[in-house]
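The two complexes that follow have chain A in common; it is paired with chain B in the first and with chain C in the second.
Moving on, here comes the complex of A and B:
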């Protein structure tokens, strides 16, 4: 998944889609995931980086990441 | 030395007298106050603003930091002769350079008078009657069909007996609309009849019954030069909508689809002046034109705040200046409207009510 090119993000996890006017707030991990997407990291790389940084179960995180990906698609944040 | 030159330039800056209508900055606001605010922010000219009002309690009348002097003018139903007589009187006192009318209901009269106003030395920047009528709600569907623009199907009706047949064709929910303002969504025949009578009582006939389109409301403020060129296009999404369907907050968008749509409209119509396209963007990416308002919207100040001052550009074109198309604007610029209790004195109310001037 890749972040749409005109999506604006902030360090606080605020995401703004200038094409639709929608804006969203994410939690800290969500913000980290979006920042990693901005750096063109793959889902696999994101999973490795997040699991290293936070004390989370890898299987559980990958399930949550799938859900998060669906949400981002629904909100037209990623292609 | 350079400073002196600048001072000289400033002293030569001519004061332009601009008359503006629609000072009703209420919960369903007219655009006048926003138009004035944008014009006053333009540093290219010094202005004296003359308010033209219909009612003694239009808030703009009492905003003396924005409006220098106000005159009441006759209601549109009084006709063009009555309006012209009043404008001549005001012009004798104020020497008006430009008039910017901002109400749908008054535009017909001002368009009819624009040549006479020109003879008096008063400039306008309005569409021709043909352009004005092409985008009329009553003709919008045909206009869309002719030019390949998506417009919801509609029926123009004159009595409630036509509602049942219309509902069978368009299916519920329907949107029942007045010829100038107001739109009510109806899910049943009973609701549609109620909406018909309510709107008829306020705005008269005909009534427009329109197919309901589900989607996101996008509004586009645009300015045409009369030769088919769009001088400015700013799309905005309503973030907060009042129970009257008005935007109480909105944000500028970055989407070429909307820019191209407005440019196409202006190119087709050779629109002269400001206008607002009301768009319904469906989930599957279709942009329906719901209405085209033949004047600036009440949120027009956002265009100036985002970097494209449409009212100021209109004034320049009205005065015969060449204005290049504006390209860049700030995306993500937000307006949030607010209500403010303006305090005035009975003397002022008495003056505008009794003398028709303030």
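Moving on, here comes the complex of A and C:
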């Protein structure tokens, strides 16, 4: 899962796709994940980092991450 | 390092105009207590789904409605509409407050007797009364509200055979300017049917015509419809006095005042649009007081209000079974109660609150029940904080028609708990078990042997 090159993000969790003109908002954790994707972290690394930072177990998070990934795909934010 | 409270990651497309869809934060304020009992402790003690009723709120509603009418009119009597909620505990609260009973079947009639209501304080409505039930009601001096000519003639015959003189009223249907017109119950006013029935009763030696009844519809949003109904019943009362020198003792205007729920498809929430009881009371009492009756001939005003007296005293607590995304990307939440338990989800967009604190993000979702049935939808579209499996929700204003119309379909019906005035909790109906359900089933002998291995 890699972020499209031209995607712009802000610290407040706003995401802008100049290719389509669409903008998006995320919650804090969604913003964290996009930032990690920007850093080219793998899903496994993302999962480790998030589970350390947030009060969630790995199984739960990975299920939610799958779901989040498919949303990003639907919105053409990742390839 | 302390970990941050988790919330599922989401991303939402920002459309122009989307922001106002988020509504005000207060809509998603978690509801953590009912009266002063915590929702979590109710769930721990009784499980979910769970219906919760507040005795305090029921009494408050009754006393408020009673005061509103009694400050406007000298003779008022409420009769609790059993079908709205016939849990014995609920009926007993209303009877303690002074309410008579209004029943529409033999089974409800028996329930009222068992709840200690004297026969002469039971109103027996509806199109379905057997000969045996009619005789019993007549012997108990109950108020029998006749629905159709077949019933009228049966009652005349039964009264002759048993030397009885039952107290009766007729149910009158009429045009009150609202659509759809409820003309299937009772005798029509405009075409003269009601007057024919009245004449027939007065000419019979065996029936005592004491009242006139109507119930013009349910969840009525128009006080003026009640003014029209009152006028028409007053007109009949007046004519009966003129023509037969007989004084009608009571006018029963039925139920129908709306609760503050939001009807499906309504643009604004019910709490903003529904007329108050005061407005209905003004409409009704202005007509009767202004009609010209002598003070001593003023009829008793009976009201059979149901939903307005109990809807907001009832809550349904439920749990999230799962969340998923539908093929079009919409979020779907599956709850552990559906239209089988929350029957009124067919009529209302019920207000639903989270039962725990949430972050500031919300998403639009559809809320499904647990049934394997496409019709099982609790809310077609609701903006709500992010839910996870195991989270709890509180559905508001479910006190009317759910605990009677719920269906034992696919799942068993849950506990009902009453929170009393001192904040003690009581189970007033235990959750059903498979055994309860099967007590009336019988397996033919030849089907008892099972050969599947």
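What we mean here is this: the second predicted complex is superposed on the first by the 79 of 79 C-alpha atoms of A that agree within 3 Å, B and C clash if a C-alpha of one lies under 4 Å from a C-alpha of the other, contacts with A are read in each partner's own complex, and residues count from 1 in each chain.
Everything below uses one rule, namely that a contact is a pair of C-beta atoms (placed from the backbone, for glycine too) under 8 Å apart; a residue touches a chain by one contact, two chains touch by 3 or more.
As the structure is a computational prediction, the values presented were derived from the model and not from experiment.
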- Item | Three-chain arrangement built on chain A, chain B and chain C clash or fit | fit
- Task: From the overlay on chain A, compute the angle at chain A's CA centre subtended by chain B and chain C, rounding to the nearest 10 degrees.
- Result: 90
- Message: For A:18 in the superposed arrangement: first (chain B), second (chain C), both or neither?
- Response: first
- May I ask you to decide whether A:53 touches chain B, chain C, both, or neither, giving the answer as first, second, both or neither? second
- Message: By residue count, which of the two partners contacts chain A more extensively, chain B or chain C?
- Response: C
- Message: By the touch definition at the top of the document, which applies to A:8: first (chain B), second (chain C), both, or neither?
- Response: first
- Message: By the touch definition at the top of the document, which applies to A:74: first (chain B), second (chain C), both, or neither?
- Response: second
- Query: With both complexes placed on chain A, how many Å separate the closest C-alpha atoms of chain B and chain C?
  - Reply: 6
- If you look only at chain B, which of its residues touch chain A in the complex? 216, 236-237, 239, 250-251, 253-255, 331-332
- chain A - residues contacting chain C, complex: 15, 22-30, 32-33, 52-56, 60-61, 64-65, 67-68, 70-72, 74-75, 77
- Would you mind writing out the residues of chain A in touch with chain B in their complex? 6, 8, 16, 18-21
- Which residues of chain C touch chain A in the complex? 3-14, 325, 329, 359-361, 386, 388
